[in-house]
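Presented below are the structures under discussion, each in the form of structure tokens.
Look for subunit A in each of the two complexes below; its partner is subunit B in the first and subunit C in the second.
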Partner chain A sequence: MAHRVSRRGFLKIAAGASVVAGLSPTVRRVALEPFVRPPEEELPGRATWYASTCRQCPAGCGVIVRVINGRARKIEGNPSHPLNRGKLCARGQAGLQVLYNPDRLQNAVRQTGGRGSRRFEPVQWAEATDQLASALKGVGGKARVGFLGGSVPTHLRLLVTRFLEALGSPGPVLFDLHSVLEGGAEAHALADRWFGSADKPIYDIGHAEVIFSFGANFLETWLSPVSQSYDYGTMRQGQSGGRGFLVQFEPRLSMTAASADQWIPVPPGTEGLVALGLGRIIVEENLGRVGSHREHAQLYRDVSVGAVAEASGLSVDRLQKLARAFADADRSVALPGGYLSGFTNASQSMDAVMALNVIMRRLGREGGVFLPHTIPAEAFINPDLPSPFRDFEKLIQKMRDGQVDVLMVHGANPVYELPRWAGFADALTNVPLVVSFSPFINETAAQADLILPDHTYLEGWGFEVCSPGGDRPVVSSQQPAVRPLYDTRSTADVLLKLASSLGGAVSQALPWPDEVAYLEEASAQLLGSSIGVFDARTPAGFWSRWRQLGGWWSTKPIRQEPVARGLPQGPLQVPAASFAGQPNLFPFTLLPYESIALSDGRGADQHWLQETPDPMTTACWNTWVELNPATAAQLGVTDDDIVRVVSTHNALEAPVVVFPGIRPDVVAIPTGQGHQDYGRFAAGRGSNVMDLIAPVVEREAAVLAWGGTRVRVEAVHRSTKLARLESLDGKGRETLR
Partner chain B sequence: MSGAGRRRASIRLMLPLALAGGAVLVVAAILLSQRTAESAPAQPIAFSHRTHAEAEIQCLFCHPNALRSDVAGMPSVERCAGCHRTIATTRRRIQTVLGYWERGEPIPWQPINKMADFVFFSHQPHLAAGVGCETCHGDVGKMNAARQVVNMDMGWCLNCHLKQPETAVARLTDCLACHK
Partner chain C sequence: MAKVAKPSAESAATGTSRRWAMVVDLDRCTGCQACVVACHAENNIPIVGEEQAGYGRWMHWIIIQRYWEGEYPNVKARFMPVMCQQCTQAPCEPVCPVFATYHSPEGLNAQIYNRCIGTRYCGNACPYKVRTFNWFRPEFPEPLPEQLNPDVSVRSRGIIEKCTFCVQRIRRAELDAAATGLTLADGEIQPACVQTCPPSALFFGDLNDPDSRVSQLARSHRSFRLLEDLGTGPAVIYLKGGETNV
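== the complex of A and B ==
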């Protein structure tokens, strides 16, 4: 009789055998590969931490990078840094995926099949820089050069400005979607109008008692979110007496609104009007303990509280209560947020908000409005502000007219970030040489002739003059945590090399042999400053402390009191915002909001960020359309149903997220997806909400009113499964009901 | 035969089989773990510790990290080249080393002493306690090709840890001293 070992028996034997085998020690049999040249300070098996600066957004938080065996393993917040005080946001944490991104360019390339062909061939650095140098020399030495920057580190911005000046070209145009959405240019204009200051105002959130935030998502992406989140914690914990009170005015329940005591979704574009109404009530009823409001009366002469109530949908009674809450507090502050900058009435709305601070005499007071103290050294005077849309339009016009021979692009991606009507992509065809310094092939780099990839920020040098720098002047320094992984080259070094080969005025203006020499010299200007957190006897000693600590800042908080230039002449007014699209054909207002993970799209190539759920909807990995439950029911759609969102200019399709935290007449879509290029994690995923934006431009200040597009929503009777961490309405969790 | 009966029969047969199989594996595992590697593994370069020791080069000159880190580390190619760009440059082996240096490639040395992954061993406290390299690595200075001379198992570690001053023994024999 044949005895067979049954299947179950065999498994038992196998399991027994593997248990026994498991008893033998596990040893790794790998070759021991020593370093060819060990990195400085490297101790095998021990972590070395390098202090540097986060470059995932322009805030400039301090980081420390844990490096083992020459590889960066983890990024943490720099505990000494006065801005983020050891904390970091999700984007900061994900920075390793910029360094190790599999789709990075590994060397300089030339596009051989014509622009947009995406056929790239490696080119030697010397050859590539020679090509650029001879183009800059131009025919008869009169090349017309354009430089378009996004969030360029301060040191590079300063070098570029010198470079262009010496070439006799206009200064760089700095324009990127993040700064558009946070209202960067408008915030500078606001400071200039009211205080004659070139720096953005800073708002002392930490010590405020009552905050009225008009579309400032200060816990997410606006200005310096980590620093502001920290301050928000301070304010909430009542460290300056009592728990602070936050009111958020915006049409969608953002994460900041969700952290507020009151979320007041007024119709898009009426936020400034509400501020005006509140001001009128304060002045009229002489509220607050700041003395007479007589001199302010003329500001509000033309304001009718009834009209404000009607436009905003808030009752007069509600407005009065809000005005009292704001005025009765000793330390209240009103924030003119980035959302205000998205409308044709941007500057008037922001003025109305700033006026609240002025009439309550909150300038230079604890918990109020300040201006930054400048860095006490010439090398850090930072003249380049984010350019208003007007300047960008001028550059496009010049390109279109064939007045630009060489265009250099660093850190900006307008082909992706702006709708086609802006005309950037078309104007590019009239530029003979387009050079990109992007470490990745993004949509704009795909239209370049040459890509000279910069290092990623964990491999590069630099500094950032933090603006805002919290309560003190801060320069955050950047140094390589690891050696460059590939044959990339610092753009600053490329410029210095170009300068020396161009000779003459340019090489005189940029005399440094390399980027590090320039940085060493710049940092040494702070040597001997009486307010600095450290000092040294020699420049070399200073330079090493500068790198060790992650920058330079003052020991104590130092801010400037803004001095109002005098009140605005004539009464304040906030005209109604203009929108593109007839309300009967396009019944909804489109709210493109900045994704907390992908920001303006620059984070889409990092899959950690792709899978970071949006804090309000828990959705990720895609684009979605947020609809109020009533709106969704009216359209007959629900979660995961695909809808078509149509504006006067374009249309996109995306799945629905039914979201109770949004006005029924508003449709919100996050930014960041819909890339055509930019690597495997970004390309071909979701849709780009900026494609829908209609050309609503405020004529006088040439503000791109990105919030002024109306849309209609159509069901397409298909659905898809949107990746979400959890459902909002308890679906699938019926047992809990 | 009923289904249940067949199952019993197969279990009866299976048991000794499993035991025998298990025993073979246990023996194999023990033998493997006792492998004191009389033979040295083939190295990319026939490096002689003896030559270097006879030139009175200290262990820590090439393995300085033992003093400061968990791992002693292999000398960087730069360190080899540091001397050999001028010393014995005509020898074939040295030219191989310099080849690595010029190509910027690491030399893929084969490890001699292997410690299981679950042991948290650190060189630094051993050196700080005055334990000489040869205690664990044998008289490498007399070997041409380095080979493992000590079977680094737990018994061997404990043997030494138990011989330490009485005040330290409790700490040194604590499981968590090495198995964190």
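== the complex of A and C ==
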């Protein structure tokens, strides 16, 4: 018979038991072990910030990444970084979409259906690197290895150079559309000609009173746009002496020109000539407060102001006014911009602009021209500059002739970025092994046999020697803000692995066990520098500060005064630029310009950037053709009508944007769209303006004259709806009271 | 002159007499769109795609309006960043049938997403056209949801949304200040657009503090407000751009 416990009785027993249990001396505390362990620094709900470097363009701005529960959530500018001073541009802000892009490669792959088949099969990392190592061992001569880089971070560039040197192969060829459009190679050549410097000149925009910008879109994509925009803000409202005077010489009203006080639409390719005319007036009339111009008279001996006026369409009177404005200011500076590099007279045009700074004695003066101070450590001496087009052509020629057995590609996408006549895609078929390190399947990676995806920049290590570095020497360090999302591998680590498996001279030249060991050793070279913003007693301490602050820079601004090695021999001249296409058949000059959002096309896979309106046209998600209202009326087309733009080499169709800020004889098309690959947001959208470019190459410096293509425009009597921010009802001329 | 709002009974109860305000210096603004992308990243704003953007259904909380003046070759383009003006007398507020639009003690026009039933009355009433409507369910293909800011709710279809002056950042700074016992310094709170703006064209602060940067700038001879004669009393103050003539 069961003993029944009454409710009252049960409660008595329970109360007693709990008292006994409460008195028990042996309560064990056991921590619960979750299956997934969060990173140690993480507190749920609290953000951790990591300093690193933006890699959306080569400028090297410092970023801090907000990480919550091990995931990167927001990117901000690093407030202590001397280059961007806490600021970031649209592209920098969109960096999360590189990391979290839905179309990233998640592991190493081999293309199994032949090149261009886009049938990829996962491959083990060990197997893939072994394949590459044995290919490098088996090449019939060390010169038969090629490395093509785009905007490669400085540390990787240095490693690659060492690797190829030890291998006995020619150095890397660095070529990408962004540096072509900003005139990277030309800016280096200019600094070399005038000052014997390997570094690009720095223009002190923040302290200038008068800025004459010759095709320099310094608020958009040229050199270091965030740093320059910051300085522009200072020039406008931060100085005590007034709001500055900015004049922009270029055929299209770019965003920078829209911020200028005067936009002067001179014919394409005559910008340098205008600079020459202004210099002649300054010297002839002995303008400015710099003493005698007698020594400069020789420079301008052959310049006729009348001829300049005729070629540029500016009156002599206007030229004189401009010359006086430039010469009368205490702090004036002339910028030789990227647009000048797009013509056959590139070097002479840029010389003519730089001459203005020289005759006004603006070298090494506040608001003038400077050279960067070198980083005081050998590990950061950066020998590799963007290669001139000539070097790239040579590589293509070698590939075509079957003299390249292995081609490695990192950060470059020439199949997309170059017109077909350059022959890169065709030459690629003669290379037995093509290896890409791209984290995405872009047009060039689609032609590779093997893709060994690098980490994206928020997952990887590195550093960038900022050039230009603003007002002081800057090395911006890069560290992972998050663990790699996928089974990708740092290209530097792949190279080090290759080096150790190749053995011999190569493994001696690259003795580091991994990328981090190399970076640690490099950073330690700055230990004990007297100018650094921080120092430490041990290399380990230094390395930790280096990562914490996001790099190394000097406490105070340090710049070098450029010394003109002697003015150019003989008088300055700017020959007329050559153009491809007969003016009667092809009446317009094509102006390809770099999109502020998509850059040279590398931003097209980020939909934040795709939906960002272009500042001038407010259009997005597509390619468009900008026509002067008079030109559009003459062709009988208006907004959203599709036109066919035909060059001597190719044609494309795109909708019209009637654009009041462009010369009637010029047609402008932005870069960035027209991808065949590169993920769901980029592929099959718009057209690629670079397809239209005709082969005009400046003989002397072998620069691709991308501005020298003439086109005709045909109406095709169809229209589309171009997505844009503004309504077409008011044509942007409504007024807000 | 800046109109100084009297602290309401409600603001006295919450111990605050702030009036958050933004100053946009048009002389510094270059139209570069950095604020637009920063705002998308901070506030989980959906991307609508080419077709819907073509219909004008883009959802940017801040836009850079571009105005043309004159004809070629004497043509000028002017940029005007426009976000919610956080009006003192907001036309969007009284029209909401469900009280989803609400005036906070610190002068913000708040939108309570889970009250919103999508009548779009507020969007129609707004003279600045800064309210955007979720016509579709926002899509973030994997792994893009990882980019979402955990401090900001992701809105669903049928909801009106707009600029909040990054209220999540204001709240966090206020809570942190309260927890540490420190007072908020001027400029300590930065909405995402202000923080990123490369030429420093945007300023944020308390208009009720006469020494704050925004108060000082609001007293500038260059200051004006959008559609001032409507009497909405915007908390966004613009500073006129200029032109240097030589």
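The criterion applied here is as follows: the second predicted complex is superposed on the first by the 683 of 737 C-alpha atoms of A that agree within 3 Å, B and C clash if a C-alpha of one lies under 4 Å from a C-alpha of the other, contacts with A are read in each partner's own complex, and residues count from 1 in each chain.
To be clear about the criterion, contacts are C-beta pairs under 8 Å (C-beta built on N, C-alpha and C of every residue); 3 or more make two chains touch, one makes a residue touch a chain.
Values in this document were obtained by computation on a predicted structure and should not be read as measured data.
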{"item": "Partner chain in contact with A:620 - subunit B first, subunit C second, else both or neither", "value": "second"}
{"item": "Touched partner set for A:46, first subunit B, second subunit C, both or neither", "value": "first"}
{"item": "Subunit C versus subunit B, contacts on subunit A by residue", "value": "C"}
{"item": "Partner chain(s) touched by A:307 [first = subunit B, second = subunit C, both, neither]", "value": "neither"}
{"item": "Which superposed partner A:33 touches (first subunit B, second subunit C, both, neither)", "value": "first"}
{"item": "Which superposed partner A:576 touches (first subunit B, second subunit C, both, neither)", "value": "neither"}
{"item": "Touching partner for A:517 - first (subunit B), second (subunit C), both, neither", "value": "neither"}
{"item": "First (subunit B), second (subunit C), both or neither touched by A:381", "value": "neither"}
{"item": "Common interface positions of subunit A, toward subunit B and toward subunit C", "value": "45"}
{"item": "Touching residues on subunit C, where the partner in the complex is subunit A", "value": "25, 27-28, 30-34, 36-38, 40-42, 47-51, 53-54, 56, 58, 60, 63-73, 75-80, 141-144, 146-150, 192, 195-201, 226-229, 242-246"}
{"item": "Contact set on subunit A toward subunit C in their complex", "value": "45, 68-69, 71-77, 84, 86-94, 96-97, 99-102, 210, 219-220, 225-226, 229-230, 232-233, 236-237, 242-246, 253, 255-256, 258-259, 261, 263, 265, 321, 325, 485, 596-597, 607-613, 615-616, 618, 620-622, 628-630, 660-664, 680, 685, 721-727, 731-737"}
{"item": "Of all residues in subunit A, those that touch subunit B in their complex", "value": "3-6, 9, 12-13, 16-17, 20-21, 23-38, 43-46"}
{"item": "Subunit A partner contacts - residues on subunit B that touch it in the complex", "value": "7, 9-11, 13-14, 17-18, 21-22, 25-26, 28-30, 32-33, 65, 68-71, 73-78, 100-101, 104-111, 114-118, 153"}
